[in-house]
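Each remark here refers to the structure printed beneath this line.
Residue numbering begins at 1 within each chain, and the chains themselves are lettered A, B, C, D, E and F in the order written.
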Amino acid sequence: MLIRVINPNTTRSMTEKIGISAQRVAAPGTRIVATNPDSGPVSIESHFDEAISAVGVADEVRKGEREGTDAYVIACFGDPGLLAARELTRAPVLGIAEAAFHLATMISTRFSIVTTLSRTGIIAEHLLQSYGFAHHCRRVRAAEIPVLDLEDDGACALNRIVDECRRAKDEDNIGAIVLGCGGMADLADEIRDAVGLPIVEGVTAAVKLAETLASLKLGTSKFGDLAFPPPKRFTGRFEHLSS
Amino acid sequence: MLIRVINPNTTRSMTEKIGISAQRVAAPGTRIVATNPDSGPVSIESHFDEAISAVGVADEVRKGEREGTDAYVIACFGDPGLLAARELTRAPVLGIAEAAFHLATMISTRFSIVTTLSRTGIIAEHLLQSYGFAHHCRRVRAAEIPVLDLEDDGACALNRIVDECRRAKDEDNIGAIVLGCGGMADLADEIRDAVGLPIVEGVTAAVKLAETLASLKLGTSKFGDLAFPPPKRFTGRFEHLSS
Amino acid sequence: MLIRVINPNTTRSMTEKIGISAQRVAAPGTRIVATNPDSGPVSIESHFDEAISAVGVADEVRKGEREGTDAYVIACFGDPGLLAARELTRAPVLGIAEAAFHLATMISTRFSIVTTLSRTGIIAEHLLQSYGFAHHCRRVRAAEIPVLDLEDDGACALNRIVDECRRAKDEDNIGAIVLGCGGMADLADEIRDAVGLPIVEGVTAAVKLAETLASLKLGTSKFGDLAFPPPKRFTGRFEHLSS
Amino acid sequence: MLIRVINPNTTRSMTEKIGISAQRVAAPGTRIVATNPDSGPVSIESHFDEAISAVGVADEVRKGEREGTDAYVIACFGDPGLLAARELTRAPVLGIAEAAFHLATMISTRFSIVTTLSRTGIIAEHLLQSYGFAHHCRRVRAAEIPVLDLEDDGACALNRIVDECRRAKDEDNIGAIVLGCGGMADLADEIRDAVGLPIVEGVTAAVKLAETLASLKLGTSKFGDLAFPPPKRFTGRFEHLSS
Amino acid sequence: MLIRVINPNTTRSMTEKIGISAQRVAAPGTRIVATNPDSGPVSIESHFDEAISAVGVADEVRKGEREGTDAYVIACFGDPGLLAARELTRAPVLGIAEAAFHLATMISTRFSIVTTLSRTGIIAEHLLQSYGFAHHCRRVRAAEIPVLDLEDDGACALNRIVDECRRAKDEDNIGAIVLGCGGMADLADEIRDAVGLPIVEGVTAAVKLAETLASLKLGTSKFGDLAFPPPKRFTGRFEHLSS
Amino acid sequence: MLIRVINPNTTRSMTEKIGISAQRVAAPGTRIVATNPDSGPVSIESHFDEAISAVGVADEVRKGEREGTDAYVIACFGDPGLLAARELTRAPVLGIAEAAFHLATMISTRFSIVTTLSRTGIIAEHLLQSYGFAHHCRRVRAAEIPVLDLEDDGACALNRIVDECRRAKDEDNIGAIVLGCGGMADLADEIRDAVGLPIVEGVTAAVKLAETLASLKLGTSKFGDLAFPPPKRFTGRFEHLSS
């Protein structure tokens, strides 16, 4: 089975890191294709970055469709373009925020999120509300690390994340922590060992949920509002999307 | 004062119609620039259309910034790219769904929405929940009209909308109806006269709210998560967005 | 157009102050009549004060109806008598708490309220819940100033409000602050300059929203539960309300 | 123990009927004083009626305080002036809507409300939301009976209420029905016998809850926002309220 | 009238203490039978303890039915087996958490809970959400006292509870405190005197509510989902439950 | 890896059927042990049945612990004893209602539930609210089939379920249907083929989620309220639970 793990930003090193994390947890028969759009922001730290990256996500799903993909993962914690991506395919599509929230509620009654920048906390809050998990989450915390610092300086970033996770453990009355950035995918084990609390990481969560859905033959419903988009003309640089 | 009314789809006739509706309600000193992106879908009838259109909205806000715009309106009922657009400017930005919901709660205790296609009803439901208006809305109804039929065949579309509005009036225990498509902007008066209920139309609502905010010098907060996006590199066809 | 700005308490100096603030933001063609009931509490700092003041609000709307009023503003942060007032007129009626909440959500994703006394915080909490804005508001704060101190000693009161607003800015992870008392209407600019955050003030917000609704010919719906009250007899000192 | 049952409207026959219902369920040592304000609407069928009646409720509580009252009941289904009344006394104060909702959740998992006029249904909806019972209530139904018809023509009114209750039983998937008007207090037993479902009636519910609170020495908290109102001057016809 | 007060744990001394508290507030004609199951945990401090204790609660209701019981109280703050118990009888059944929440909202607008162990706080949170009282409760606090310490060392436990209640009073902006354990039933008066805030205790609250329902002839609805369980076979050690 | 699938009722034929469904979707390395308690109800159709069955679930988890189990599934749609079971193990524990809800939200925006008896619909409603999925579910429907009829007369039961699913498809504006009974595990494919909508079945969903959690080494958090229960004495027929 083929899972396309889409890093919505265009930083190739992060895509590779995410791909390695994804492959490490994949089932024996699962092949991971880790990819990122050619076009888009090198990191996603704002609503604007997120909106632009959704185009790249859709492009990657369209590519995936031509290659016979069985499931998709959107590997950015804001789940950019999630519903749009679902419309484009019969395969299941998972966002990593969504995936992590789901699993966190299965192993704890309350969790906190540790994300990169406090300015993106609102994105997590909006997703929690929309998905229905707001009352399961005690607090959205930020380690105040720009996303690309996770690439450059793993050690320093790791320390700050661990410190914030420890504060969450001490103050938030929780049973688990959700990591709030796809770029933290390779750090989950170290954080868990340092903090002593279950750490739910979205990339790995989403890969396994994608396998779950695919193995149950539960693809995105094509009945109702996630059916393929009505065919229509697109103009200008999006003309290739016409159908 | 200059308000840029952005039709997120690329159908110029709809843009013109929206511009006329906007200008008709604008204050004497307000100049309306009705515009649409060069690139994007000719109508917005899916999550996918919406995601693509958000790029055009951002482009139009960036253009607007170079021309000294005082406020922006996003004239599609899904409010595509709203938070991204807010990040790009100190000026206020209004979505037409948002605007209509706000005004509807000021003149009635409960309202219903009459939109185009039932498949896009979920978009309105998500916005109602996110904005906090879910309990004010009795029902999201669809007249089952493709968006561009509003351009081609006004009379037939009008009849179907009026019929659905009458059903809402008879069955929903409401005080007002919100029209769920920017392409209905020119029909509001006729619908109101035919139905006998206050009709809240988003384009006109948003223009007046934009004037309101601008006149109170209340621009988008640049403190917190709607501050300008962190400067960064964009790649590929989005390279021009780099800062 | 004529807007009747009703200060629900009977302190004439506050009414004048509110009237000046209202007129300052009004459109050229708008005439503000700032008024207060003859009968009622000199300030509103409890549920009891609020209940009594609602009678005066209704009286003022009835007076306004005889004078051909185009819109009404209820200039107390508890929005006393709002739904009753709406029943009495075809014109739009705006409360200042309501108005401020609406605008605050258009320029920020999260706001805090700074009100006078902590004992009235519950009134704001109830309104936030009823209107649907509870999740947009991080915190209801009190500067612990009796309402009439806003009349007597502006400077001292201003300092305490500014201090509380600064704490809100530093601690609450917000983009804007809503001022929680009609008596603060003249302080908004100074507070904004001192705090460095958008300050949403209800009197000015409500005046502009009243203009917005009136210009769109959106009056209070007379279909459903805001229709004119069923005619009936009133007894005793309320006999004049019989119809 | 002395319970003052306040009928917020000024129809003496209804007050007497309510008083009889109250006395019938009262404990042996409980004395019921059924009373209504001198001034106010003869029935309560709108937000406006409700706002005016709140003054009379407060007057009656003030009278009650001079007579050494142990608990108060506000016998109108909108619970008018409830929080204001609580501020005026150390004794417990119960609204009949509130009381009925509480008891209904103790004997069933879901209930429906059958009230008089559909235009007042919104009042029940607002109370359900504010109190926290919205998800326990399947539906707010109206028998479309003007309140005073409950005085004039008991038989006809009874039939319409029973019919609506039967529809609730058949269609709403409920375990109990809440009667939505103080004027139905004497009809509860007949309705229950005719419908075959537990019928929760607010006057009797509130009297017993008032006894419950009083016997547990649980009066209205005077710590926090229900403390006695801050002393102040009232003007005009409300001058007698000054303290 | 006969009320069976069921202590769901098997510590007889606690049962007696609860019985004394119950009898002290009971009406003259009410006889309290305080009882506990033969089989079950000696204290309830986890979801597991709670699940096991629900069997004992059901057993005690079945016994009560054979003895002609008029109402039941489940005297553990998690309300274990509440809905199951309701199915087994036409009599009303009250949980003490439920009972305390109801009364607390009648005398204050916001309350806090002081319970024994922080690990059981989640049980209170779940009940608050399910019953609809989440927004009335500011905070769930724990005095960190194992339940049986309430039996062994009243004085020390009392001090810790009083300390936590004082913190609630000082920090939580509340009007009342709910005691979160049946084992605190005898301490309520002392705590109230020491803290200076209304203290709502569940055993006494539930007894009076049980009397209230019984006197109004409001038993558990046998229409709908609380009807007697469908008759069926039980196996093994539960064979005696077959019907 | 070893998954213990616990049928909480004591009907062995249903356990076998559930086991077969579970094994069919299990990964190659997964061994399914399908089991049921010796003691308990032969079917679960009430709150009472559910309460009793929770003891058996706990027993089965305790047995499983002695046999080195990697994950548990509770195969009854009310998820009886779920939190208690989680306390007893470091392994993940999944309920089938929970599992089905999670997956349904990943492939559709809105779903309906088709369960056996309408009297148990409230159990699903309570779970939806507690888990946070209430707004994702349009409607809880019942095919009005006693649980054991699923054993006796598959064909007739299947027809009724298919009919109800078709009504859901036609009337509910949904993208997927959740089957509301563990006894329907073997019918999912037939129902899907007959109805033409994705059908989410809980047993298979839970097995795959159990594998997911186990493969990610995400066991039930032993930090906080799901830690092992405090050791204590149990009396009577539960003495063997003492620790």
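Basically, contacts are C-beta pairs under 8 Å (C-beta built on N, C-alpha and C of every residue); 3 or more make two chains touch, one makes a residue touch a chain.
Not measured: the values here are computed from a predicted model.
Counting hops only between chains that touch, chain A reaches chain D in a minimum of 2.
Relative to chain C, the most remote chain by averaged C-alpha coordinates is F.
Chain C and chain F have Cα centroids separated by 52 Å. Rounded to a whole number, the gap between the C-alpha centres of chain D and chain F is 44 angstrom.
Computed centre separation for the pair chain E/chain F is 29 angstrom, with centres defined by C-alpha atoms. Shown for chain E are the residues in touch with two or more other chains, namely 83, 86, 109-110, 121-122, 129, 134-135, 173, 224-226. Taken as a contact graph, the chains fit none of the simple arrangements: neither line, ring, star nor complete graph.
All chain pairs that count as touching, in label order, are A-B, A-C, A-E, A-F, B-C, B-D, B-F, C-D, C-E, D-E, D-F, E-F. Looking at the complex, you find that chain F touches chain B at residues 109-110, 135, 173.
For chain F in complex with chain E, the touching residues are 10, 37-43, 45-52, 54-55, 58, 81, 83-84, 86-88, 119-122, 126, 129-130, 146, 224-227, 229-230, 232-239, 241. Partner chain B is touched in their complex by these residues of chain C: 25, 27-28, 83, 86, 92, 94, 98, 102-103, 105-110, 131-136, 169, 173-176, 196-198, 200, 204-205, 208-209, 211-213, 215-216, 218-221, 223-226. Across the interface of their complex, chain E is touched by residues 118, 121-122, 129, 134 of chain C.
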